[in-house]
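Quick heads-up: structures coming right below.
Each of the next two complexes has chain A plus one other chain: chain B in the first, chain C in the second.
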Partner chain A sequence: MSDWIDIAALSDIPRRGARVVKTHLGCVAVFRTGADDVFALNNACPHKGGPLSEGIVHGNAVTCPLHNWVISLETGQAQGADEGQVATYPAQVKEGRILLDKSVLVSRTPA
Partner chain B sequence: MGSWTPHKLKLGVSGCPRNCAEATCKDIGVVCVDSGYQISIGGAAGMDVRETELLVQVATEAEVIDVIKAVTQLYRENARYLDRIYKWMNKVGLDWIKERVVDDLAERTALVARFEVSQDIYRHDPWAEHAAKQAQSYRPVADLALEAAE
Partner chain C sequence: MKQNLIIIGAGMATGRALETLLDADPDGWNVTLFNAEPRGNYNRIMLSPVLAGDKTYAEIETHSTQWYAQNGVTCRFGEKVAAIDRAAKTVTAQNGDVLRYDKLMLGTGSTPFMIPLPGHDLEGVIAYRDLEDTQRMMDLGPQNKCVVIGGGLLGLEAAAGMAARGVDVTVVHIMGHLMERQLDEAAGYLLRRALVDKGITVKCSANSKEILGVDGHVRALLLDDGTELPCDLLVMAVGIRPNVTLAQEAGLAVGRGIHVDDQMVTSDADVLAVGECVEHNGAVFGLVAPLYDQAKVAARTLLGEADAFKQKELSTKLKVTGCDLFSAGDFADGEGREDIVFRDPARGVYRRLVIENSAIIGAVMYGDTGDSNWFFGLIRDKTDITDMRDTLIFGPAYQGGTPQDPLAAVAALPRDAEICGCNGICKGQIEDAIAAGAGDLAAIKATTKASASCGTCTGLVEQVLAVTLGDDFVLPAAASICACTDMTHEDVRRMIKSQKLMSMPAVWQECGWKTSCGCHVCRPALNFYLLADWPLDYADDPQSRFINERKHANIQKDGTFSVVPRMWGGITTPDELRAIADAADKFAVPTVKVTGGQRIDLLGVKGEDLPAIWADLNAAGMVSGHAYSKGLRTVKTCVGTDHCRFGTQDSTGLGIKLEKTLWGHGRHIS
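Here is the complex of A and B:
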């Protein structure tokens, strides 16, 4: 059963920016796009673990700050010729607040 | 940082003798070597191209900072407007500078103190204000690390 919890205000994240949420399995990056959509992904690039939250957001994708892999915010899939995928989590915005599904975040087990 | 000088003042620091920062054609250059830090002054790489001349080699980082502050202050107090260090050095001589910032430790200390006075007024950390107001915005927005699975 989903358990939506209030994480922060949408305005706490700059447009085309990200903030992280600490969890028992490392940080989850919460992105806000230029169009005010919000996505939650593991904050570790599938390539070599680069901090995606510090990357550059363009459209619905982020470019990893370490070696420029482009990761889709919707699917977590590496774009172009690169292969890899990062876990994504349900996120929504309601009345200017960002909600994440706590049940998904806390029930994860180390891969 | 912020203090006025007779002309622009370029500094270069290289972490090893391969000298990637090209410290030996700056107004003040530091090259780190096994036995310490070589501080040299009076380089240029514009209309005039000149290699720096060795001012002193010191053993600690603290001495490097003091020597650079002292030579900068000596330059501030004595050089003509629009004279880069190498032009000033041509007029007063490297030995004259060495006597004051290398040999005479009391003079070095006094120069450093006077440089600090100017920094008190001019030093401006462009990030301090931002950090005071915005530091929170770089921290995690939430911490679920202690939430237990049900």
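Here is the complex of A and C:
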């Protein structure tokens, strides 16, 4: 059962930007792409834990600010030659509001 | 029966008229040629190469004593005509001689305009018009200083000529950029830079107030901002006025110049006029091309043949070595007019075409004027350019069949086209080196030095190799910015400028980006290039900046940040130190380190605390030290004269000044 909660307005995040949602279990990075799609990922790079929310967003990917790994926002997979994956969470936009699935966030395993 | 023709003024126009007339009818005329200058016809425009030492006076004489003798021309050089009596059909020479004419031709040229500044009549204040003026300038040497008032064609040729002789020259120009009648600001800027490189001091937007003298001789020019420019000679080159005095006194119709019709006849059917002294259809003239046309028409009129003078489009070039510029037509901004602009900053090339109703109506070029004749032709013929619009700016080598093939342009270059500006290597020298066995870039560098200095011509050298060697040479692919594009940084910059790309989407579109919105490599670069080229039109995109620049702090391996407040020139105060200490306490900063750049680094600040810590530091008067920027970060100083036993200069003061002048420009210093 999904349990959507309202996190913020879409316009609170700049296009190709991100904001961080603090949960009991760690930080979730919420990204807004140039095409106004929204994705939620663990805010920790699979390489050395870099804060993905501070990276440059391009297409449906973000580049980690620490060592330039490129992470898919859709799958959480590291792109190219790098290997690793970061947890992703359901997210959606409804009537200009960003919604995350509380049930998944609560049950997530700590990274 | 020979007719008596009297000509007043042995100038460029009458010289040409005389040639045409006597070629066609050698026996019909008794010609008397008066000239106020103590010499015959010469190529006035070549006084500049004489001044620069590239030519001698003998080389610029157009007619020899022999020629006048052979053609039966009575020369009265060094003699002015004092008066014309049209009723009696006579002229009176300075010495009182009265001569009868059947036909009279006026070619009195113009007089330089002298600004009536206080002191303009001092000895050592001259114009630039004749050989005497030229000689005065040639008498100067490295021990002398000269001020030239006027940054137009004439003033700049005078300045460059004297600078070539080692004279310390300052050009004072009232307008904001040089040659403003022929050039737009961008070309004016490039010209100024080239002249400054020649050692000429250029002062634009400068107003002359007074010419200062000592013992009746010029000593300095005083500007209205109080600046005194010392000089041994002051050259005024601020414009010319048609020389109409004689015609006016003779009662001929005169406006700005002597009125003439299409046949070059004045208000008196037996009096013709040609050259800079005339006014035709409201226009007066200052370049030789139309004067030569007038001269031919005047000769035809005397011969009884039908001909008519038509005003044509004019173009200007400057005869200063190393300053290749070209200007033609009308290039003012206006409704319904569009610009096509091409710039190559590395080569100092600027081209601008002004288009109206699908035709070029004006062109300004600087740095690479090789195609100027072609463009001038398009202007004159009002050619419809619709079909070649996309490639027009690149010149004739790109039109028809092979658009965008850079090799075609290189193949079309003549042997004496310069390829390497640093080392002055022409295409021919590279071709010779290739013929002698040099087969790649390294070999060309080693044998000719081409592209061995600044390297900006590397691409051109490779293209010469490719053109010369054909299939034997494989052009190395230049490294593209990133995987989003095949273009290099230079390619993209060129596109941004020439196509006026003012937004990131425009660049992605016009340059065929392979990704929807770039990546972490190209976006910061594009953001920078767009900001640099269109500072007023392009809005900075924070999402295309690396996190450090967004947060004014340096991201660390654990995702925390380091904060470095600026300390101008390494100088701080107890209050600043206290504020830093307070901030470190308040935000539980784990590490405080003195940097090599003479300031203090607060390491381990949490991202969310950055606004608050900066608010505190700002309140104490401190700003970011930009420890992350690709611009000026810090200026290190030693203590200098204030404290040092061996100090000879105020090095700390200089450091602070440098830092305050250069900080925050956010520009790459490369």
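Note that in this section the second predicted complex is superposed on the first by the 110 of 111 C-alpha atoms of A that agree within 3 Å, B and C clash if a C-alpha of one lies under 4 Å from a C-alpha of the other, contacts with A are read in each partner's own complex, and residues count from 1 in each chain.
The rule is simple: contacts are C-beta pairs under 8 Å (C-beta built on N, C-alpha and C of every residue); 3 or more make two chains touch, one makes a residue touch a chain.
Being a predicted model, the structure only gives us computed values, none of them experimental.
When the shared chain is aligned, chain C comes close enough to touch A:Gly34, but chain B does not. Of the two partner chains placed around the shared chain by superposition, chain C is the only one that A:Glu54 touches, whereas chain B remains out of contact.
In the superposed model, A:Val21 lies in contact with chain B only, and not with chain C. Using the contact criterion defined above for the overlaid structures, shared-chain residue A:Arg97 touches neither chain B nor chain C, since it reaches no partner. Touch criterion met: A:Pro65 reaches chain C, while chain B stays clear of it. Shared interface residues of chain A, touching chain B in one complex and chain C in the other, are 14.
The touching residues of chain C, when paired with chain A in their complex, are 515-520, 523-524, 542-544, 546-547, 551, 555, 557-559, 607.
Listed in rising order, the residues of chain A touching chain B in the complex are 7-8, 12-14, 19-24, 27, 30, 102-103, 105-107. Residues of chain A touching chain C in their complex: 14-17, 34-35, 48-51, 54-59, 63, 65-66, 68, 70. Contact residues on chain B toward chain A in their complex (touch as defined above): 137, 140-150.
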